[in-house]
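Below: a set of structures, written as structure tokens.
Shared between the two complexes below is subunit A, which pairs with subunit B and subunit C, respectively.
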Partner chain A sequence: MGQPYHIRSFCSIQQETILLNGKPVFKSEQEDFGAFAKEAYQFLTIKYPKFFKMDHLSKLAFLTANLVLDKENITPDEPSNTALVFANSASSLDTDRKHQESIKNKDNYFPSPAIFVYTLPNICLGEISIKYKLYTENSFFIFDSFQPQKLIAYTKGLLDSKKAENVLCGWVEFDGKTYKSFLYLVSAKGTLEHTEETILKLYNA
Partner chain B sequence: MEELKQELKAKIIDQLNLEDINVEDINDNDPLFGDGLGLDSIDALELIVMLDKDYGIKLTDPKEGRAIFESIDVMAKYISEHRSK
Partner chain C sequence: MSNVFLSHNNIISALGFSSEANVQKIHDEITGLQVVSNETLLNEPFCSSLVNQTLLEKKFQNLHPKGQFTRLEKMMIASLSPVISASEIELDTKVGFLISTTKGNIDVLDKNSPFPTERAYLSALGRTLKIFFGFANEPTIVCNACVSGILSVAVAKQYIQQGLYDHVFIVSGDLVTEFILSGFNSFQALSKSPCKPYDKNRSGINIGEVAASILVTKDEKKLAKESVQILGTGSCNDANHISGPSRTGEGLYRSVLSALGDSKIDPQEIDFISAHGTATMYNDEMESIAFNRLGLSKTPLNSLKGYFGHTLGASGLLETIVGVHSLNNNTLYASIGYEELGVSLPINVIQKTEEKNLNVFLKTASGFGGSNTAALFKKII
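Here is the complex of A and B:
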């Protein structure tokens, strides 16, 4: 049995609502995710114009990560050794569909490079890594559903082997009009136990 | 030519998702890449697609774009001389 780890902060975004450590941070009336994300970006006074070039999955992951990392004072100036371990079930399907739409007509065949570059789910990890200058381990898993035990095992492996001091992990799902993100930061510090029971409780809150 | 320049500015803002920039913010001689609008390599590819789709100009070598996309002035001149749409 290795060293016990803890959850330092956690954030979820779904149904036009952002919760940080269980408390409401922002709520919008915008049902359209793009409009909601823009409002949240402005409300959080994020200054990062590249945000508007991202696809929906990356925007969702970026906003959620931004809240957790800022809360824990992990900044581009002091990024620390923070690994990223994310998962979802829809992969990059939302953007894949947009790309497919742009190539289905041979007489109007103009695929957008800006859309095509987001046709992989792990691109959202790159966006976060670029913003926070993280030169660290990152992985994106595709599961049928949220499976904390798999994330726990992978996270413990990274921390036990000293490949990371912190691991930002969780679920980032975007498919059509449905989205949900839940990210939490794990390290030796923190108050909440890094257990399946705790993670499921926070995920379902 | 002036109308084409305004059209290009609007298209660039819209298609490259330059959320914080207005047409009035772009001067005709401003560099589009580097210190100017700060466009990147994916934006350059997107502009190549725009030339093809909206003006019927096919660039076979992406490196050609480096000179053509120097500024709105240069881009408008190139399009007006080569467009088929």
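Here is the complex of A and C:
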């Protein structure tokens, strides 16, 4: 069904290390994610102050997307039809727990809109869309574990129907002290095959 | 590419425990909203539409469940169960399972919850439901803010057209919880009285709760009498703000254009719009701008938030199901709460429930993160 699609670039961030197309880009000694994300932001000279108001999941997704999109010359100056199809297992639980903390004590009740808005996993898609001017399809899925075949079917649907020219896909998980992101850009062009086998190999690398 | 249809369906809400019961109440212009005083949920009275706990328990126990289930799981199971039974489809590997929700079992994070906090993982909710029904496939959970419900219909259609499944069951649900109410209250968005979408005197949103379920299938032998065809869908981000809609309605405008292109129909063929209409000024204003840009200012439109409140990740599916019955009953349902136009551009809000020959409707939704989704449905003749 439809034409074959390919993977152009891919990026992963985990354990204080950033890999782009399989090659190390940045490594830090900072075990705290907030400190690591700040160092990575500075190292990559991103210059987007809104970054610092984002929650951890959005920062993780934003950094990973930034690396892939910049590598493929997808910039806000020339808006592209790039859809975002992300998934994870913990949804926005990391921030949910912070909001819950603010309401657990009736005598010390301090719910805040700035935190509450991040209690949805798709907010990270909104953050990337705003930065890159992507007026495109955004979907956030939750799976028990990374399941490329579902993402493949959905991505192919978007490309076959011409709703998108490129799809930035993958996994962005932030839960307590552990995090892992793996995003890859799919389009007609590219060198790697858009298959479950390839995607799993890159994910596990 | 094969046609894909919406088939058997169910709604569990304050208005009743079947789609037909809910639609009858809507026909009679009866709201499920009322003022609630419950300090464990919010330290001041709020207006909401809640599922009757005693009736829910009775419906749920009739299914002879084994194990401990949260309130949301009971609602979802009680909603999806009659849909699976009516469809007479064996849950084999060609049957997909979608869940749409924004917050799932978030209430288990509360220190007074009898459930372990691990149940807050949406994947745990998926596992519980998968095991209860015996689905052969892992569920896909669509968690995309307030467009989740309608986006799940678009996802089901794509899964079927890509050959992943022949049939997909969707269950949607979200609860009224302290977590949600405290958050919306911190935005000062909650109305203390029944909401008034698009009205000059609107006072904000109400949060409500429902569970809704539907069968999506390509098999014409598995249709219900009210079945409709999914013509096309579109989903576009505003690329503007994470908690406020675009002032130009950009994402919604593009979503409807995308759904029209996918459907290969003209805007003039749309008989009515089941809109989002949360009754916040920014949302309603944004919709009026988008619909005017699309040349849909004269198309009859309703918001069902005046009956159920905003039911978050379930609202899109709930309102789609009511729209399906609207087509089947050839009836435009009144947008209750509306009296006088309160947006800057003209829109044709349905003020009185009336019979009319209907063929096509447009469902739209918008949500945090700048998300928007549109879908078009057509009666099967």
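Odds and ends about this structure:
Criterion: the second predicted complex is superposed on the first by the 205 of 205 C-alpha atoms of A that agree within 3 Å, B and C clash if a C-alpha of one lies under 4 Å from a C-alpha of the other, contacts with A are read in each partner's own complex, and residues count from 1 in each chain.
What we mean here is this: a contact is a pair of C-beta atoms (placed from the backbone, for glycine too) under 8 Å apart; a residue touches a chain by one contact, two chains touch by 3 or more.
Remember, it's a predicted structure, so these values are computed and weren't measured experimentally.
Superposition of the two structures on subunit A shows subunit C fitting alongside subunit B with no clash.
Between subunit B and subunit C, an angle of 80 degrees opens at the CA centre of subunit A in the superposed model, to the nearest 10. In the superposition on chain A, A:A188 makes contact with neither subunit B nor subunit C. In the superposed pair of complexes, A:G157 makes contact with subunit C only, with no contact to subunit B.
Comparing subunit C and subunit B on the residues of subunit A they touch gives the larger count to C. When the shared chain is aligned, subunit C comes close enough to touch A:K133, but subunit B does not.
In the superposition on chain A, contact is made by A:P113 with both subunit B and subunit C.
In the superposition on chain A, A:F52 contacts subunit B only, with no contact to subunit C. By the touch criterion defined above, A:D144 reaches subunit C but does not reach subunit B. Here's the short version: in the overlay, subunit B gets within 7 Å of subunit C at its closest Cα pair. Taken together, the two structures place residues 111-113, 117 of subunit A in contact with subunit B in one case and with subunit C in the other. Remark: subunit A residues 38, 49, 52-53, 110-114, 117 touch subunit B in the complex. Those residues of subunit B lying in contact with subunit A across their complex are 16-20, 38, 42-43, 45-46, 49, 52-53.
Contact residues on subunit C toward subunit A in their complex (touch as defined above): 43, 102-104, 106, 109-111, 120-123, 126-127, 138, 140-145, 151, 155, 158-159, 161-164, 178-179, 182-187, 234-243, 250-251, 254, 258, 262, 367-371.
By the touch criterion stated above, subunit A contacts subunit C in their complex at residues 1, 84, 89-91, 93, 96-97, 99-100, 102-104, 106, 109, 111-113, 116-117, 119-123, 125-127, 129-130, 132-144, 147, 149-150, 153-154, 156-158, 160-161, 163.
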